[in-house]
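Pasting the structures in now, so scroll down.
What follows is subunit A paired twice: with subunit B in the first complex and subunit C in the second.
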Partner chain A sequence: MIYLKPYKALFRIRFTNSLQYRAAAVAGLVTQFVWGFMYILAFAAFYNSNPAAFPMTLQQTVSYVWMQQAFIAVFFIWMYENSIFEAVESGQVAYEMVRPMDLYGRWFTMTTANRLSRAVLRCIPILIVAFILPEPYRLVLGGGAIKHVLFLLSMILSLCVVVSFSMLIYISAFHTVNSMGTRIVVGVAGDFFAGGYIPIPFFPDFLRTVIELSPFGAMQNMPLLIFNGYLTGNAIARGMLLQVFWIAVLVLAGRLWMRRSLKKVIVQGG
Partner chain B sequence: MITLQNINKTFRVAKRGAGFARAAKALFSREYETVHALSDVSFSVQGGEMVGYIGPNGAGKSTTIKIMCGILTPDSGVCQINGRTPWKERVAHVREIGVVFGQRSQLWWDVPVMDSFELIRDIYKVNANTYQRNLDELVEILDLSEILKTPARSLSLGQRMRCEIVASLLHDPNILFLDEPTIGLDAVSKIAVRQFIKRLNKERGTTVLLTTHDMQDIEALTERIVLIGKGQILLDGSLAELKARSPEGANAEEMVAALYKEYEI
Partner chain C sequence: MKLYMKYFSMHLKSQMQYKTSFLFTTLGQFLVAFATFISISFLFMRFDSVGGFSYEEVLICFAVMMMAFSSSELIGRGFDRFPVLLGNGAFDRVLVRPRNVVFQVLASQVDFSRLGRFVQAVAILIYALPRSGIDWTFGRVLTLILMIACGAFVFFVLFVVYAAFSFFTIEGLEFMNVLTDGGREHGRFPFSIYGDGVLRFLTYIVPLALVQYYPLLYLVGREDNVLYALTPLLAMLFAVPGYAFFRFGLNRYKSTGS
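Let's look at the complex of A and B:
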């Protein structure tokens, strides 16, 4: 446990540090509400014309969207820990490297803490409102306790996939003068393939099969489809195994790449 | 305690002429120039010594410090600090050293200074008694008790720099690297920082290596100076020796300017 002490302390300070930005939380909350409503109204319009054309029921799609908006900070790649990019680009990373700590572990902890604190602030109001909305725009529970435990587990795995994937983007900042381009392109494309804008079951079959096997399919897709009841039984087990597989691959790749990058790192200025 | 032998470090720097045409050309073929940041740098420092590491801008001072902190890997050469090679055993090495980069901050911007100190305590796994003792002592000497609850963003530069120094000493390092610790400080803060460094060196026997452009720092603090220019060590001797070779009645500032001129750096 003593080994984890620095990481716990870092988690605590990063978590409380993000919690104090109240205005940002309120702004985020409003955005997520508007975005959620817009999506649901658009989907409802499509469903009105032909409900049979969709792989999920409207109810399932509505639950998908509300849970996604409530936990946006957990699920979306573009919700980066920007202080890491700043540290690399300004050379502030020099101070991070004179600490007796593994830099990969440090960044992983900071990103996770930052994402969780933002999720905690946003999820409760969104969930409350989504539960009291009229049918069919309401978030529906149901499916039993086991389903919800599986959802929670899969959400934790999904957070780990997203964080270990974004670690690769942080590390790429060592190799570029400005990481803005990478951040935006990878963020937007990644979240698209992860089902951040259109759920993966809505994709054409050939594309769907590929995405489901890729790390993007192991992100928000899994927990959200478990929650809305689209996935059951073996499909859940297979999906969660795939999540574990991608965490292992991404963490290993990130650690190797970071070790190589740090050997070549040049801290400029000062 | 610290030995550097024949340390070399080169950087590859992209170069191009000014103007649009040259910029367009650089899109297709880049020209690089190899800059020798350090060539055959060797020196050693004994335990308890206080050494001033001086040289003009771009001479290689910060590069040397970064190598000694384990941040940069040199192209060749040997460096042993507390019996370790910094870049090979970075984590074990940095546990025993303290570093202040005068141009950067290690304090968390939006939280009280105290929170940053406690984070450092947990990162270095300093035990509670040692931490409390160090904190009380450092806070008293540097007169910081009033500002421990203030977020770092609201501190003046002088207050912040004193906090930075405390932050780098909480884990009892036996070597302290100070990279321009007095940059931008007013007279009062400079004097406070100098007195403190002197006391630290005397009472705890901490080895101090500092870089500075402020010659009064050197005069007030160090017996020994190492001069670096264009990546090479040009002079390694006592302040007294330096005085002896300088024109009569010159102050430290003039002596160093004369040196820079003599070595054409």
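Let's look at the complex of A and C:
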């Protein structure tokens, strides 16, 4: 347990640090709320145009959108930890390498803590409003305690997939002069395939099968589809195993790549 | 106008000094819009229509709003960054110069990276217009131009209103994004599909539907009444309360110091 101590301390510092920006969070809430509501209205319009072509029930889509908005900081790749890019590009990272702490673990903890603190601030008001809205726009619970435990577990796993995936983007900054391009392209494409624009069940079938097996399918797709009741039984077990598999692969790849990158790092004096 | 062109070329030159940064911001704008375009296309692989509108009609709507927004942002970025101008005291310099305030704020920023969205909007229009089955008459061409031009104008007024709010708060107000960015994002579908409440709000309070939904009905031949084609002109009246609000804020302005 002694090895975990610095990570715990770091986690606590980053967590309380982000909680300071309460005003920004409140301002963001209004935007997010309107956004979620407009998405739902648009989906409802599609539903009314042809209910038979809709891949899930309207209620399930409503739950998907509200939970996605509530936990936006957990699910979206583009919510990067910009201080890491700055550290690599400015050479600050040299100081971090001197510290007696594994850099991969350090960055992983920092990112996770920041994402969690943002989510904690944002989710509660959004959830409250989503629960008191009139039908059919209301967020409904249901499906029993086991489902909600599975949802929580899957959300933690999906946070780990998102973070370990974005670790690869941070590490790539060692190899490029300007990481903006990678950041943007991978961020937008990743969030699209993860179901950030429209849920994966709305994708054309050929693409859907591929994405569900990819790491993108193991991100927001899993917890959100568990929560809204779209996935049941074996599909949940299979999906969560896939999440664990991708975390293992991504963390391993990230660690190996980081070790190789750090060997080659040349810090220009100054 | 001559002076503005001078500012314009100056901004162009200065932004071209940082080519990589410029290119990536433009790329980012382009990609986000592209992802939205793909998701619309995916939806229409399942559905034939939404709220009575076809894929091509929705695409026209999407492209028109994107074009209006990006051209407005291209020149109106100064108002978007207005809180910064107030916060660091740079606005005081604006006040002592013998030129119109709106002109100076306008000229303080031109953001060319917004072309990323504009280019895409052009491409989508080139795809969608011939396939939409619109029977092109002079009136319809004019309607399309009015939608884009007046749309850009309404977005511009929204930026001015946003700037006017910051006279009172100094900080930017993120809730205005709901109207500006929101108008662009959710304007990809005709506003009628969001229901009567939203449509009424966007008709009488913030006249975005006047440059989108009503003229679109005329454009695609669903309404023959010429009045529908002219609603974008009506939307320009939004400038009256918008500008008045800006003047009101300006009169109450107290410098923040530097």
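Criterion: the second predicted complex is superposed on the first by the 269 of 270 C-alpha atoms of A that agree within 3 Å, B and C clash if a C-alpha of one lies under 4 Å from a C-alpha of the other, contacts with A are read in each partner's own complex, and residues count from 1 in each chain.
FYI, a residue touches a chain if its C-beta (ideal position, glycine included) is under 8 Å from a C-beta of that chain, and two chains touch if they have at least 3 such contacts.
No experiment lies behind these values; they were computed from the predicted model shown.
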| item | value |
| --- | --- |
| Touched partner set for A:55, first subunit B, second subunit C, both or neither | second |
| Partner chain in contact with A:145 - subunit B first, subunit C second, else both or neither | neither |
| Contacts of A:42 with subunit B and subunit C, given as first, second, both or neither | second |
| First (subunit B), second (subunit C), both or neither touched by A:132 | neither |
| Which superposed partner A:28 touches (first subunit B, second subunit C, both, neither) | second |
| Complex contact set, residues of subunit A against subunit B | 2, 5-6, 8-10, 13, 16-17, 20, 90-92, 94-95, 97-102, 263-267, 269-270 |
| Complex contact set, residues of subunit A against subunit C | 24, 27-28, 30-31, 34-35, 38, 41-42, 45-46, 48-50, 53-55, 178, 180-181, 184-185, 188-189, 191-192, 197-198, 202-204 |
| Of subunit B, residues touching subunit A in the complex | 11, 62, 66, 69-73, 90-92, 94-95, 97, 99, 101-106, 108, 110-111, 115-116, 118-119, 121-125, 179-180 |
| Subunit C to subunit A touching residues, read off their complex | 20-21, 24-25, 27-28, 31-32, 34-36, 38-39, 42-43, 45-52, 173-175, 177-178, 182, 185-186, 189, 193-195, 198 |
